[in-house]
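First comes the structure, then the notes that go with it.
Labels run A, B, C and D following the written order; every chain starts at residue 1.
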Amino acid sequence: MLNIGVIGFGYWGPNVVRNLTAIRETAVKMICDSQPVILKEARELYPHIRVCLDYKEVVTSPDIDAVAIVTPVSTHYQLAKQALENGKHIFVEKPFTRSIEEAEELIRLAEKNHLKIMVDHTFIFTGAVRKIKEVIDNNTLGDLYYYDSTRVSLGLYQHDVNVIWDLAPHDFSIIDYVIKNKPLALIAQGADHVGRGQENIAYITLYYDKKLIVHINVNWLSPVKVRHTLIGGKKKMLVWDDLEADEKIKIYDKGFIVENKEGIHHLRVDYRSGDMWSPRLEHEEALKRELKYFVHCIENDETPVNDGQAGLRVVKMLTLADLSLKNGGTLIKLQKNVEDELLASGADRNIP
Amino acid sequence: MLNIGVIGFGYWGPNVVRNLTAIRETAVKMICDSQPVILKEARELYPHIRVCLDYKEVVTSPDIDAVAIVTPVSTHYQLAKQALENGKHIFVEKPFTRSIEEAEELIRLAEKNHLKIMVDHTFIFTGAVRKIKEVIDNNTLGDLYYYDSTRVSLGLYQHDVNVIWDLAPHDFSIIDYVIKNKPLALIAQGADHVGRGQENIAYITLYYDKKLIVHINVNWLSPVKVRHTLIGGKKKMLVWDDLEADEKIKIYDKGFIVENKEGIHHLRVDYRSGDMWSPRLEHEEALKRELKYFVHCIENDETPVNDGQAGLRVVKMLTLADLSLKNGGTLIKLQKNVEDELLASGADRNIP
Amino acid sequence: MLNIGVIGFGYWGPNVVRNLTAIRETAVKMICDSQPVILKEARELYPHIRVCLDYKEVVTSPDIDAVAIVTPVSTHYQLAKQALENGKHIFVEKPFTRSIEEAEELIRLAEKNHLKIMVDHTFIFTGAVRKIKEVIDNNTLGDLYYYDSTRVSLGLYQHDVNVIWDLAPHDFSIIDYVIKNKPLALIAQGADHVGRGQENIAYITLYYDKKLIVHINVNWLSPVKVRHTLIGGKKKMLVWDDLEADEKIKIYDKGFIVENKEGIHHLRVDYRSGDMWSPRLEHEEALKRELKYFVHCIENDETPVNDGQAGLRVVKMLTLADLSLKNGGTLIKLQKNVEDELLASGADRNIP
Amino acid sequence: MLNIGVIGFGYWGPNVVRNLTAIRETAVKMICDSQPVILKEARELYPHIRVCLDYKEVVTSPDIDAVAIVTPVSTHYQLAKQALENGKHIFVEKPFTRSIEEAEELIRLAEKNHLKIMVDHTFIFTGAVRKIKEVIDNNTLGDLYYYDSTRVSLGLYQHDVNVIWDLAPHDFSIIDYVIKNKPLALIAQGADHVGRGQENIAYITLYYDKKLIVHINVNWLSPVKVRHTLIGGKKKMLVWDDLEADEKIKIYDKGFIVENKEGIHHLRVDYRSGDMWSPRLEHEEALKRELKYFVHCIENDETPVNDGQAGLRVVKMLTLADLSLKNGGTLIKLQKNVEDELLASGADRNIP
């Protein structure tokens, strides 16, 4: 039995508690939130679980094996550091930290103390993303040409981050998980309409070798919610509409064929158009699957796919995208030698 | 009665002829195409119209008052020049020309000979775009925050242009027509997967003053067709889905409100969410309305909204987007003093 | 504080408990289910609430003020009877009972003991149905012409009822709530493909005076889920798509106009086609609103709109539809004098 | 070369002429319409084709081999009779005739004179319906359980027919083509809101043996256009949404499995839910394919699938549906012995 303390019971925390409660091998022993009104709700929903206002009670409690940190990103480093120093494994809401340095320090600390870090990249545990990884890994799509994500809605302004830090972690963590190649360069555009220095619209482009291009459109100001990703491969193409109830993934037998007749200037391009196929997806709630995997990794001393390094890779991309944006859309080249180990993607490993 | 010769009977030419035939004040006197097999189709469909293989017959014919040039863009300049030199008004398929210089020379030639140029920016004659202009002009949307267009499909490779020159003329001509502000800078990213130096995917961002940002996503490699535009304003927001049969335009009473309490660091951002409204649109075929307007402008000696200058403005944006793309995504600043008259938008004028 | 015992913790019971838990004025004191494995889940989720296998403990407990009966319909009568006999108010899952006689007896028993019956017609507490009632009541739609509901999906076979008793209670309770007229006749068709005497497809038509016609299409064998209702009125028409996330209700300024020129044989029919409007709906969870209303009615001694009489009216329609179906689709006339008080709809009253 | 005269140039006639013009083996020699203003349009579009106001010129012209009758149904019999008496093959708009007797007489007349009748059941020539027939014929769907069609829109009132005669011919002709079984009984409900004795809403149910049930929902008063058909089979299920641009047909690997344990009272019903598959459909215009087939049947002396008998079967179903409706929804049994040859479906034959 793994005893867990949960810090943060705002938007996502209740989901973490609900799922942990439903997993046989874990018990939620403490819920902590700094706001009394929220803590009161927690107590009403879970009268049998101990609650507290001060996170120190959680990180120092001898009963607790692991801490779930479900708070605003600006607090992650402090809370995670103290949890690790007190010998607790940590499950940290995405994005992992506010800076590369913070992430690196937490990774070092966890390694030193032989503790696990899992960053809550929930999407890679959905049936949809697992299917996408499968059809990329087994070469159903063929060489990738592009990955184009639109993630827009009338969102809630975050007080401590811009739209990139709020929405793009989803895309960066998914790309990190499904694409084996490493980005060679990055560029971002955007706008801030509130005037607080926090962009509410951003467009990010990643360049890869072998012609792969990735584009991410994130927007807090859209009147309609769109969660639409196009993935084009040499052999097939895929559409992922996450708002569809039943047919989230559609795979099209479409593409083009280049016939090379007597050199580059005589290329003939033809289109192929065939059937479409929508595979059945696993239905288990992604967060539940992820939390079970957290327990599994601790109990079997395994390194999670979404470990501190994965969290760091996402933080690095957020940091660079933000940097490009603040500099008016400068292209940022990712030096191969330096970045190699840092930007290695998580795509060669599979969640069991 | 205005006598018209049509050059080019491939994809769009038959639509031009069909609509001209249905307008009382015009008569199609000649159809020209350099491919005999296409010319044969024209003759079968319109046995009473004279056909010819050589465009010179059209541009020099004394019977002809105006020439519709519906051919690939690389031929526009040559055909248009000769038509103007022979005293014919011209209706030219978009994009107007392959270069800024060509467009400027045709404009000068038309002015000198007192002839009209209309560039076939068909979209600005659709019920949808007319309604968008109306709700921007009458301040229903309020100050504009962003304009975000996705125009993707499994397209036909054009042999003489990339995806920007093929698809973005639609967006540039619409933006030119509905947005009064002038862009201050432009940047484009993209990729070429065929390896012929012609990009099949491109992302273009335009920066304006007053925080307006425009983004255009054009893609020839998408397995699904998307024609989706989001327009965010201070007061209301608009979604234009051109593939919807009946409700192409939806206007949302959504937005955000900034309360300024004691300075910028205490801004409070709240969301508004109200009703949605989908106005009835005019149903007349856009091309028919445009061609009637062409006749109207010639008969009344009026300058069309979509005149050579409008065509030039679009060519200029295409040229700059292409330049940015080829330079690996460089930001291109549009010098105010130089560009002022050139980039003045067409938005202060209305089609009757 | 109203103390409630909940009997049945299968599919819907957990929702009832979760919502009751979130209402300040109530406390769930006992959860009962006859299946030990389900009871175990209840105990894990709510360790502080007493659980029991035998419903008698609930209905006889002196601590309990009201009982929520969330079990298969065949058990409702027995459970409800004993609860009422023991002085408990009851909240009963729809459909109310298996027969008209059972419903009538429960109503008499409740009246005798001065207790409240609420039948869980959840849909009439949704933002969508409340808006539909509003636009019918305030004559936005004008005189009603038709109400056409399609409610199909790949459903779970119920072991004790056919598709009419499973899905049509939704439609009958909604119609009862929003339509003031009374049906004059009813007819039903259907088919049973399993061969157990329980139809999995049924089509029900209700005839009203003043030309109103109601049609209900229920199907357990559809590969796709559809929850689509069309309501046509003389002035406007309404579409309710309950699977839409944000625009469930759309109101169309469409209809037809009859011009009577020199008698019936010279009627001229013209169509009107105007704007569409999608009103913002209330977002509170329907079941929560309903349970609050249950508490309100008990505390203020008010008769709920969805009382035993409403439950009886729905049971009556289900019974007659089933009768018509079993008789091969016979038209059943509803005798005015006899049925008047029984089939009086609930539409003249409003939920506060 | 087959010389054709076309009578009727209103809504559908121009499509017939346009497609005939595009077929190499035919020539349209005459266009006839009794309204001068419509005839003028025909002359402007086709200045080289002879036009006339009086249909007698067409049916008696010695140049004409076949007559296409594209007029209101009330005129079909008279026009078709005279064409056949004058030795012309006929292509008749659906529905074939206003009565069973008329259809039977035309069939006899055509047989006597060795002439072909083709009834314009256009839908059976669409890629969608051809695919449906294919997956029923090759047993992909397995035994059919139900066929449920919704065909509603804000339609144009027809002055001579009700909604059944206007919209249901599509469904009856499709069912006749794809379903091998014969209906055993029929029942129809509906309403007339204009008060002219012509229903604008109707619901038709057909009973077959082997548990197959067919339901047709036709409505002229819907604010939205729906063309949605569900087909449930023992092995797979199919959805046909004719308003989808690219994925009109979706085939679902869904269904249910009945395990018979110890007799009927211990049946266990389980659901299967697998992948979905959307096959690519042929894209040729249905009317063009049909008219080519008309020429083919005449030139090769073949009997079309959509011959007079198919037209008669559809007229019979329309007549019986109307009869049931007018009698307040009476069930009409189709006597096996009498109806056998008349109601034999067209489903055992294939269009080449």
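What we mean here is this: contacts are C-beta pairs under 8 Å (C-beta built on N, C-alpha and C of every residue); 3 or more make two chains touch, one makes a residue touch a chain.
Being a predicted model, the structure only gives us computed values, none of them experimental.
In summary, the chains found to touch both chain A and chain B are C, D. Ranking every chain by how far its Cα centroid lies from the centroid of chain B, the top place goes to C. In whole angstrom, the spacing between the mean C-alpha positions of chain B and chain C is 53. If each chain is reduced to the centroid of its CA atoms, chain B and chain D end up 42 Å from each other.
Across the assembly, chain B contributes 224, 250, 273, 276 as residues in contact with two or more other chains. Against chain A, the residues of chain B that register as touching in their complex are 145-146, 148, 150, 152, 154, 156-157, 187, 189-196, 201, 203, 205, 207, 211-213, 215, 217, 219, 221-224, 230, 232, 237-239, 250, 252, 254, 256, 258, 264, 267, 269, 271, 273, 276, 328-329, 331.
Remark: chain A residues 21-22, 44-45, 47-48, 224-225, 243, 245-246 touch chain C in the complex. Chain A contributes residues 247, 250, 253, 273-280 to its touches with chain D in the complex.
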